[in-house]
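In the two complexes that follow, chain A is the common piece, with chain B as its partner first and chain C second.
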Partner chain A sequence: MGKWWSILFGVTMIACTLLFVVSPFVGWWLPEGVSTHSWSVDLLFYFILGITGFFFILTEALMCIFMYRYCSSEKAGRTVAHAPGFFVRTYNKWTPPAIKGSIAKVLNDPHKIEMAWTVLPAVILLWIAFAQVDAWAVIKYQSRMPRYAEKNQEFTPLQIDVTARQWEWRIRYPSSERFVEWMTRKGDPEILKDFQSFAKIEQKDDVKLVNELHVWNHHPAVLQLSTRDVIHSFNLPHMRVKQDSLPGKQIPVWFTPIKHNTIRLSADGDVWIDGYNPDTKAQDRNQIWDLSCAELCGWGHYRMVGRLYVHESQQDFLDWLKSVEAKMLPPRAK
Partner chain B sequence: MTKILPLAAFALLAPIVLVGCGSDGYSSAIVYGVRTDPLVLDDKLGKEGYEPDRPGVLPILLAKDVDNPFNPMYEKGASLFKDGLLRDPTKISDKDRRTLSKILQAYFGRPGEPQVAGVDSTATRILKLDQDTLSAGSQLYRLHCLHCHGLAGDGRGPTGRWVNPHPRDYRLGLFKFTSVDQSDVPRPPSRGDLYRTLQTGIDGTAMPAFNMLTGDDLQNLVSYIIHLSLRGKVEFETIKKAFDYDPAKGTLSITEDGRDDVYNYIDAMVSEFVSLFAKDWVESQTKTIAAPSYPYADFDKETRAMTAELKESIQRGQKLFLGEGADKAKGVMPSKEEAKKANCVSCHIDYGRQARYKFDAWGTLVKAQNLTNPIRRGGDRPIDVFYRIHSGINGSGMVAHSKLEPNHIWDLVNFVQTLPFPAMRKAAGIEID
Partner chain C sequence: MSVAHPAEVHAHPEMNFLSKYFFSQDHKVIGIQFLFTSLIFLVVGGGLALLVRVQLAWPHAEIPLLSWMFQDNGGRMPESFYNMLFSMHASVMIFFVIIPVLAGAFGNFTIPLMIGAKDMAFPVLNMLSYWFMWPAFVLILSSFFVEGGGPAAGWTSYPTLSSVAMPAGEGLQSPAAPNSGHGQVLWLLALTFVGISSMLGSVNYITTIINMRAPGMTLYRMPMTIWAMFITAILQAFALPVLTVALILQTLDKTIGTTFFLPDGLTFGNWITGPGGGQTLLWQHLFWFYSHPAVYIMILPSMGMVSDIISTFARRPLFGYRAMIYSIAGIAGLGFIVWGHHMFQSGMDPRLGTGFMIATIMIALPSAIKVFNWLGTIFHGNIQYTAAMLFALGFVALFIIGGLSGIFMAATPVDIFIHDTYFIVAHIHYVLFTSSIFGIFAGIYYWFPKMFARQMNEFWGRVHFGLTFVLANCVFFPMHILGVGGLRRRIPDITASPREAAFMPLNQFITISALVLGAVQIIFVINFFYSLFRGKPAGRNPWNSNTLEWSAPSPPPHGNFETVPIVFRGPYEYVEVEGHGDHLPQTLKLEGPAPTAGH
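Showing the complex of A and B:
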């Protein structure tokens, strides 16, 4: 009863496809894309998913049907049967004669079949390769990286140093004072030098945190990514950013968020974080934005997660930065 | 046959899908057990100047490790046990071992059901040693910490030997990074210290940060660490006190007083130790170092330049660090006595750049920190560094400097925190080469 095999495969494939279909409704799908470039990544993803999904289902379905139909039957002792009646009938009835002729020609010429199934995917692949260049360029070409603003109309990005290690993200911010200078003084060679030195030279007043990445909304952030030990992969699923960090290299990563998930309530109040809104007492998992490691990096890989906090405004971010600095200060007499 | 194959495939797949996560039950067959690795009774185990342990090596997992020529203790190997620097608990007779194990289990339970019996209710409340907290902590510990720190908190989990420094062995009751006054005796840390260690991790070592766990989880973990530490320390001290070592025969036998009634003898001793060490922990919760307020204005409000008083403080810090003083304190020059009290350079040779490896209280190797590197394991807030200098770093050999004038400690903090940054050094006018 070799038919069991085709049924097993068929059921598995149907289960897989169903799982795919239900996953968006149970929260297993891509998280909301909230960076300026996330739409282009998503578009490519859906496009490629469409093409591969179509061919996947087509080939799997045909395979299962053919396996079922043509399985060798011990009883009858025959190994090959005629084409399934339903297909033959449909094909005969609905295909125009001209096309029927050329299909017959191709099917009877193995060379042509080979050509067809090589060239067609090649064309599709080539097309994808060209179509994705734009999306790739915005995310990865260093010539597109946001830079220190030379002119008044431009914006200097926030610069942060992110160092991966087993198993955490060590994150270093400029001091609030330095940060304000970066943001306000534009086209100043001295600030430019300082800006460029940030990633290379640590300063005493840098603000260092673990696993907490803070940026603010509608403003580009450049993260200087490096690792102290093995290869890790810096992954911000909500921002559609993923970049391996390689030992001995410092790799810039950038993105601009278009939605925030963090609001400071007052200068010394608490932050709305981790999906909890103290105003409404509402809990919302979707407001928790992970920073995860996407490269198996050792035993503790599973817990190499941090959080991304996108503040509502620059002022909000600055208030937060100052509050962290205040906690670092030595105790002083009032 | 052909029919069976696909069925077999189903049968094989089903368990994978169905098993997933079981219940929280942790087998009651799993117990802490009595330690088998040698007790380290002294941190002067050998000469200075060893290389750090090679990856995969822990110098003393078992007594026989010392017989390995690559072991840093090999040279002194034979005498280590004779001279009472190490003691091998596997020499205890099986019968006594079972007794000890039974008693310890009566007080501390087992990993699946941890408890601390024999402490008064105030201590249980202050240290949060109730069973619910401990079993929640135990579960988290087994998930996140066990592979480094080991089931019994012995620092000998499977990963432990591959990282250097090795994970903390809690069984000595010694913790490095505390805000507790250690100037007279080494004290356990406060709950807050452990909590902070978990939140920030220990930068520059393998100990990661756990700040993505909730506050409650961290509190439960802290309680469980206290439990493990208490258990380990009671075990350690009991083995040390209740058993006599016979160098000739190489045996550990119960002391004279206990021969008649081994069970009650050990039980009384354990009971005494439990309440004694729990008291130490309770006391630590209120013994925070009273750090005087920071005396200097660091930067000019207008120009943002370093103030003259900060510059002087940093320079005085350097003099103290190097142990240089004059007969009478003057300007940036401290007095001779003060400088002698500090004299950090005696261990931090060339600001730590040429410091040598030594044995620490756990029998692993430690080196006075290279302070020209900005990483501070115990945290880099000025107050953290103040605590380190004031009370030393337990177990590592870095001694307390609480006898220094408080302002001189702040000077040292300023100096130490300036050291790694060339631009700051230049601004403060100090040279280190």
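Showing the complex of A and C:
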């Protein structure tokens, strides 16, 4: 009877493992990564998945084997010595004697075993830890974020102000005029000043939208994140971006898309739609990228979902920006 | 160092019903009181969890049983009610079930018995530690019924959602959420009382373990349960004051208009808060400085109990006894410098995140050593599959999953994606349900004969284990997949985002499994109460175990031992010795050379 428990453990653990194997094929997996961050984040995810998966299978297998072999028999007697099993026979046959000798030395000395299973995981864990450092710094350190281009050959990132409130994202873009100045005039102290003031001072001709975040492909976007009421979390799962917004603080977030999902609906019109897949040149449900709130922020938290529109080119973005400006009421001051 | 008791026999006065079962100063009665009240709260917390699951699987359907409460919402659950459910589920499970069962019930019951003491060092303090739970019980339960409903800002209660209050004179309503008014204040006060209770307990445990050990019970002859309780008590004593301060600060913010956690000029509808100058991150630092060690407060005692149970039923000495102690101490020590890993995406300086990440990943090392040692213990053992042993082995098998999944979220770049997704929910439940609660079940099956002098039914115990083991995996393992898919946690309706709506079938599978898992626990409840009155009478030592509590009568009288036990050996000497069977109790004095209890 006792041996059945090891089989129950084994079957359950195999089922768990299989779920991880099958899920990617039915679409229950990481959403497509479409920013420069996604490559490093996903690589590290698979790296950790590989290592933890290996140790998961190793430890659970050992546990099930021990539970099976060292089960007390119904007579409650000691387990008798077993004939060597398949793995032991294979090991005996194929391992060079020198290695076998040193392994036997470790296995026959509990203190050596303990040293081995302390030092080896320690090395692997440190390796995992230090593998993360650079990716994290690139994504999050403010010192590493793209900034206003000082020289001619660099480019200036798109700057957008994102203000969260219960339960929407208020998104503020520079006017098209200002935007063109940012992008074309480099190394100009005046523009630098204007660029840095954008997040702090609202201008009357700023373009304001709710829950619609527009950027364009292959160009870094820096978002100045703040909140008017409670903590929210700015979450772009496809871009592998997540950052809480804190009351009383402004926190910059950046990413560079590597795929676009937004096209002009008609050649000369100003209707733009997302959900376009440039690989298949067709509309695709999976190409609708959400901008959701990831931190509990009150009863409307679940529906605090906006959308991310990635245009194909800077020109497309500019066209879109102008089309929104045209629809806005003229500012009273003008 | 071990301190002998005075030799005189301590006379215990006759007690009436009230002083024997209610205001008792006997550590065993207090432990059992903690056990019973916590098990009642386990039912409450479990019920809340099932309601959460029902809403998640059928977000647009009427809620069974409760639809009468939501007539104006078409019988469907309002979002704020859902937020209240998961907030209270976590608060109840953590502060009213797991911590009181592990520290309160098992700590109280086992510590004096396993070190050979007559009682705790401070019996009156011990009684108070239980009775300080009662204001907390009343406060937390009454928060369900106050205006605005129970607290709904998560068990973490992050300001400003939880803390912001209307200007003075406008009552306790919160502009941020209806539930963050009266309910939140009651929650804060309830937790403060739980904190007082835990603090009284921990002081008592530390003193008792240091001062009251039986002759011969050196520190390195203490069973792992006692080591774990000892280190847990130290964790409590050092971490709790910080939580208490945070709770008081938030209470002041909510009631008398201080602004510890309130920055300047926030906008809620038409109302703009005045000058603040506070920091929302301050709460997170204070809260996690306690609540991360609290995670270890909730797992270390289980680890200790499981170590004892595995050694007993594998009939083998615990592999690497000292390594086990050092790794518990290592987990506890590192546990104080890793709280920031809950805050990687919080807006804390990301350079701090790098340091917290390295410390956090290294905490996997002592955990790994413990797992290897448990495997080393059953290797070449003679395993008896009792219900207690099965839950202990289940603990090990599933703690491996909870431990390994922790590495993902410790890694800061990966955490960017999985933070606040169901991956976190999966991880926390593998650690707290399939580990801590499995440890609690193992402990109940194991010490039941000592507590009540009867044995629980083994057959139904095994059935309970088998079903719980399989179903718990059905409930919590698919949550990893939901998290990898990026499903956010704490949302009542996953169809709000088309991407997340794709996970509906998996969500429904989890909910059905959870409902069955809940139903299966009835087996345990019936077995528990049936065995309490009709169970097979147990002798002193039904498991042939070595530790001291089994040399006392069952149930031990007030004062525990007939004579002061004298300890001659460590707790894990399960070896064949001529004329002594396969185990050597700690009180056994052998003539001649001591047998070697090798690994």
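A few comments on the model shown:
Following the convention adopted for this analysis, the second predicted complex is superposed on the first by the 227 of 334 C-alpha atoms of A that agree within 3 Å, B and C clash if a C-alpha of one lies under 4 Å from a C-alpha of the other, contacts with A are read in each partner's own complex, and residues count from 1 in each chain.
Quick note on the criterion: a contact is a pair of C-beta atoms (placed from the backbone, for glycine too) under 8 Å apart; a residue touches a chain by one contact, two chains touch by 3 or more.
Every value quoted in this text rests on a predicted model; they were computed, and no experiment measured them.
By the document's definition of touching, both partners, chain B and chain C, reach A:300. Once chain A of one complex is fitted onto chain A of the other, the partner contacts of A:208 are limited to chain B, with no touch recorded for chain C.
Considering which of chain B and chain C touches more of chain A, the answer is C.
By the touch criterion defined above, A:97 lies against neither chain B nor chain C after alignment on the C-alpha atoms of chain A. Of the two partner chains, chain C is the only one touched by A:30; chain B is not.
In the superposed pair of complexes, A:8 makes contact with chain B and with chain C alike.
Of the two partner chains placed by superposition, only chain C is touched by A:248; chain B is not. Of the two partner chains, chain B and chain C are each touched by A:166. Common to the chain B-facing and chain C-facing surfaces of chain A are residues 1-2, 5, 8, 166, 299-300, 303, 305. Those residues of chain B whose C-beta lies close enough to touch chain A in the complex are 2-3, 6, 9-10, 144, 147, 159, 200-201, 203, 206, 208-209, 211-212, 291, 293-295, 304, 374, 380-383, 386, 410, 413, 417-418, 420-421, 423-424.
Chain contact summary for the complex, chain C toward chain A: residues 78-80, 83, 152-154, 158-161, 164, 176-178, 262-264, 266-268, 276, 279-281, 314-315, 319-320, 323, 345-347, 350-351, 353-354, 357-358, 361-362, 364-365, 368-369, 371-372, 375-376, 378-385, 390, 393-394, 396-397, 400-401, 404-405, 407-408, 410-414, 416-417, 419-421, 466, 469-470, 473, 477-478, 480-482, 484-486, 488, 490-494, 496-499, 502-503, 506, 598-599. Put simply, chain A touches chain B in their complex at residues 1-2, 4-5, 7-8, 166-168, 170, 177, 201-204, 208, 210-212, 299-300, 303, 305-307, 327-333.
Residues of chain A touching chain C in their complex: 1-2, 5, 8-9, 12-13, 15-16, 19-20, 23, 27-31, 37, 40-41, 44-45, 48-49, 51-52, 55-56, 59-60, 62-63, 66-67, 70-72, 76, 78-79, 110, 113-114, 117-118, 121-122, 125-126, 128-130, 132-133, 135-137, 139-142, 165-166, 228-231, 233, 235, 237, 240-249, 251, 285-286, 288, 290, 292-303, 305.
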